[in-house]
Amino acid sequence: MKLRLIEKSDLDLFVQNLINDYQVDGVKRKEGSFLYGSIKSPEELCLDFDCTVIPPKKYFLPPEETLFQFTSSPALQVTPVMESNPFILFGVHPYDIKAINQMDRIFARGVPDPHYLKRREAALIIGVDPTKVAPRSFWADMGAATVSEGFDLMLTDIGESFIVEIGSNKGRSLLEQHAKPRPATRNEARERVGIRSRISHICKKRGFAFPKREIPTLLEHSWKKFFWEEQASKCLSCGTCNLVCPTCYCFDVQDNIDLDLVHGERVRRWDGCLLHDFAKVATGENFRETRASRYRHRFYRKGLYLFRLLDDMACVGCGRCASACLPDIADPVNLFNKLREDEK
Amino acid sequence: MDKPRVAFFDFASCEGCQLQVINLEEDLLQVVGAVEVVSFREAMKGHSDDYDIAFVEGSITRHSDEERLEGIRRCAKVLVALGSCAALGGINCLKNFHDQEYVKKLVYGDKALLYETYPARPLKAVVPVDFEIPGCPINRNEFAMVVKAFLLGKKPEIPNFPVCVECKMAENICVFEKGMTCMGPVTRAGCGACCVTEGSFCWGCRGLVDDPNADSQRDVLATHGLSVQDVLGKFRLYTGFSEVAK
Amino acid sequence: MSTEKIIKVNHVTRVEGHGNIHIKIRDGMVEECQWQVVEAPRFFEAMLRGRKWYELAHITSRICGICSIGHTITSLKATEAAMGVALSEQTEKFRRLLIHAENLQSHILHLGYLVLPDLLRVPSIIPLASTHKDEVLLVVRLHRLANEMSDLVGGRTTHPQRPVVGGFTKWPTTEELETLRQRLADSVPDVEAVASLIKSLAGELPQFIRETEYIGLTSADEYALYDGDIASTDGGTWPVDNYKEITNEYLVPHSTAKFTRHKRDSYMVGALARLNLNYDQLTPKAKQVAETFGLRPINCNPFMNNIAQLVEVAHSIEDSIRLIDDLLKNGIKDEKPSVSIRAGRGSAAVEVPRGILFHEYEYNKDGECVWANCVIPTNQNHANIQKDLEALVPEIKDRPQEEIELTAEMLVRAYDPCISCSTHCIFL
Amino acid sequence: MNQPMLEDSPYLPKWAEITRIEQLTESEKLFEMRLVSGEPLGHTSGQFVELSVMGIGEAPISISSAPTENDVFELAIRKVGNLTTAIHSSVTGDRVGIRGPFGTHFPVEEAKGKDLLFVAGGIGLIPLRSFIRFVLDHRDEYGEVMILFGARNPSERLFLHELEQWEKREDIIYLDSVDKSGPGWKGNVGVITTLFSKIHVDSSRTYCIVVGPPVMYRFVILEAKAKGIPDRQIFLSLERKMKCGIGKCGHCQINHLYVCQDGPVFRYTDIFDLEEAL
């Protein structure tokens, strides 16, 4: 692995050069929190954030997107809408990259979804190692402290400079054309290892009180527990835990038509399995009518169902759900620990 | 297909919802092209009792309103409650928490006897209502959506999930993070979380979702420093007529 | 043979709220002539009791959808007066801008959607969409601009969200303001076009004069809308706190609304009153519009209120541009409102589209409202409408019934009454 | 990121023209359609399509005709919501959108040479009819054929004309029942499971194919097991809410399975121990 280095003082120039040539999005501050948004000047870009409110999935699976436009008269006609404008996503933490990698697999498996895949292909991802840990994060325990793929460049702040790991050829030429990197020395590379392990160590303060690989088995025999009802009695069915999760991708599809009743579009938008009508069908039957059944479904999906599909849990430990859930019942760490406790 | 004949009516309200219909601007011209408006007192002279769809704004606050509403119900094939006053009782129900005689005296003093009033209520407390477009005021795009649904023979779909969903989609910072409190978790979406987006918090103007977890919401508000009285106040602001608020 | 003309217009159309006109003329004698308000009372005073200081503007905004911005701002000012909240210059400028936005919204709505059909003798704007397409699109364009301006500054066209006690929750960006400024500047030809359209039809406005008292805010610094003292064309100025000396509300049996009187039996508020009081402070463009119609103070034809509104449209556009330039020059700061809750009583007045509006509140130490009073412009106008009708009907009593009916309706509509507000008056 | 890039969106429908409409019951209609492109639909019995009307939306609908029926296919649709109502008001010659066919199919090949026991409840007959018709068209390739059909009441019975023919045929056994009798009904009254006592099966060579409302499965499967039919020879078709049909939107998920892709037809042994499946 060849590591490069750019001086911190050169970073603004690098960002500015990118802005000149590309649409650049990155993390910005808003009201004391962090959000991804369009970066118009290097000062706006924030790299020492702990965690964003909404994960970067919005770039590949937007909250609402048009699948196609239609005209219903004089002749039926449809025009697909697929966006593939190249852009740079600057500043993605490894756990979010891990989530994107998972989502890539979901949208490519079986019938591939080009609406997602084209957006994904158009993106250059510049990762950054966290320098701060959000209060509810536990990505270190989820094995998401580092990733080996899914980025074009990966930055690590080592004090006066950034170590840059090249993850793809596109990343390499982006770096060479827009910055003045020099090879990192062995010492500097070692420093990166040290910094990474220090931050992981801080993050490890939160995590499971038992090996996380036991979660699927734990779930396998927890289905009938009263535990779910007890927890879910506080659930607002607000879907917040779904919407802020980087590994949740369920969506609803609807038609919007203009007032002329001729032109319109079919759109998809974020949906959430915690919402009351998620599994409700036209006859009125609801396959997950109770709060408890929906609440349980989410944890099974994270810890067991997708594990069966992906051989990995569909949780990367960002802790977004935990900090966004108002009654504070969505935190996987608390939940699985409690469930395990209950076991004994 | 014959153009559906549409009429607008109002009871105790601020008429802000009908104003939203006018505020459709150019789209309004399209709407009036697609339907035949036979009655719209706020914007036109003339009236007819022959209509298919009645959009009714406002709460019912006196016996004489009931007769008029029943008349409208008899004429209309479809009766739509327009806005929170009509759909939920809305802000008008704030007066229900006081003795009605006291209320009259407070405002009209010794002339109180001249004024008729009883506790405010939504339309559905008096006649069957086919659809409700909640909101104080209504979201004009939602109104347009309902009109289009009727034209297409579709059932209008008003969201049955809480405002938090749209709030997340709008990438707002949750107001609880900012030290305020919010009714979003139990309030029916459809407004695009506009209040939070504009820097305020959700007041609950669209009423509750079908299956709100009111108890949990009360707990959440209490954990964020609201007294029992304040929590009650939050629920009563718009949904005073419903049981959960009591 | 005795002749009888009975005019019963129940629920006058193209006004906000429910009002009736009852006229009976027998053998050339006016036997009955009444303006009745039959709106369902809503009792806002009772609703406000016990509610929190930050909720009052939200609740009183619901008094009226059309003047919701005016109610919001008056309410905020009253709460701020009660609690001694200081406002930044930026806040006051944006509030002025927001009031202009509402003035535009409301006046254009009134002139374009409600009055224009009368002048063209059609029941509503709908048929005009095919017969006068360009004119309708013109009105719609201006209305949209006014609404988008309200949206941008207030956070919603109706029931604004951004203005709160002590300031705003969110400010427009520099770019947004620049765009708005451009759009306002570009709209001037549209206003001129509306003016000449109305000019071409102004012959349809009845020539009717009745002297009365005109009341409104006045200020040394500007054409008073946001702030000032109370003034009367009969002479005198009063601080806002003394508003009850002016309004003297009383009840009449045939109406659910309250009536007011000052020195005479009745007085008028609204655009015409403001223009009669503060003509000199109008912007040049506004004065130019007034000139075209020969509208000069003191004008005592209530039908000219429509023209006064048109003059104010020009004024609000021009003054908004000035305000925006001022704001842009200073740069938009991200100010956060700060309020310390305390017990107290405060009153406020703002010139809203239909005239002077008063709110007065009393709070306890927890910031809960214990007492409230709102005096609404249309309320203040009811008595004047009644007096005008009494003077107008004998003048036209020999005309055909339909014409008497239309003229009476046009008179009521000229006041642009906001009846649904007017019953929400609160007084103890 | 090396997966093949499809240029075409899998969400784009193809156009089909409605060629014939037949009212089946008060709330169900049969629609015969043909793809405008002239290609055959190319389905196997048990699969479904996503049917759409622009401006209204989309819904999963089983293909009711046998794959062998040339270039037309049939959908039988109950009017329950937006899309289904819109379809019910369409007329011959109208065009609709079709995506698919999607999903798994009945064991058409596997069951060749074996006996078949079809159990249909209500509109469960719609997808089963495709297989039944295929079997009847290829009668000599299968062993015994038994059809059990249950409806809530006589007026809800679909495909009456076909039912009559099946009843008359000597080479199959057809039995039916209604939960509640109605005017003119002279047949069996009782839930569908009561029909099981009237048939004899050679359990080891019988394939039992069940389609009906969710509540029916548990009881019918018990009866089938009581007859000794091996679990792996029981097949059923599940219904769940669907939005995409291609295993993405998450609405139809049961455990790790997406009903739209891994189903709707399942072998009983693949799902009997899955929570929420039955």
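Order as written gives the chain letters A, B, C and D; numbering starts at 1 within each chain.
Everything below uses one rule, namely that a contact is a pair of C-beta atoms (placed from the backbone, for glycine too) under 8 Å apart; a residue touches a chain by one contact, two chains touch by 3 or more.
Being a predicted model, the structure only gives us computed values, none of them experimental.
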{"item": "Farthest chain relative to chain B (centres taken as mean CA coordinates)", "value": "D"}
{"item": "Best-connected chain pair, where connection means C-beta pairs in contact", "value": "B-C"}
{"item": "Chain centre separation in whole Å, for chain D relative to chain C (CA means)", "value": "65"}
{"item": "Chain centre separation in whole Å, for chain D relative to chain A (CA means)", "value": "39"}
{"item": "Centre-to-centre distance between chain C and chain A (centres being mean Cα positions), rounded to whole Å", "value": "51"}
{"item": "Chain B and chain C, separation of their C-alpha mean positions in angstrom", "value": "25"}
{"item": "Sequence positions of chain A contacting 2 or more other chains", "value": "254, 257, 261"}
{"item": "Chain C: positions in contact with at least two other chains", "value": "none"}
{"item": "Multi-partner residues of chain D (each touching 2 or more other chains)", "value": "55-56, 81"}
{"item": "Chain-chain contacts as defined at top", "value": "A-B, A-D, B-C, B-D"}
{"item": "In the complex, chain A residues that touch chain D", "value": "67-68, 70, 72, 76, 78, 80, 82, 104, 106-115, 117-118, 120-121, 223, 249-255, 257, 261, 264, 266, 268, 271, 273, 278-283, 285, 287-288, 293, 297, 300-301, 304-306, 308-309"}
{"item": "Chain D to chain B touching residues, read off their complex", "value": "55-56, 81-82, 85-86, 89"}
{"item": "Touch list for chain B against partner chain C, complex", "value": "10-20, 22-23, 25-26, 28-29, 32-33, 37, 40-47, 58, 61-62, 65, 90-92, 94-95, 98, 102-104, 106-109, 111, 114-115, 117, 136-137, 194-195, 198-200, 203, 230, 233, 237"}
{"item": "Touching residues on chain B, where the partner in the complex is chain A", "value": "27, 30-31, 34, 144, 147-148, 151-152, 157, 160-162, 164-165, 168-171, 173-174, 176-178, 184-186, 209-211, 213, 215-217, 219-220"}
{"item": "Touching residues (chain side chain D, partner chain A) in the complex", "value": "1, 3-13, 15, 54-59, 80-81, 84, 95, 97, 214, 239-241, 243-244, 246-251, 253, 255-256, 261, 275-276"}
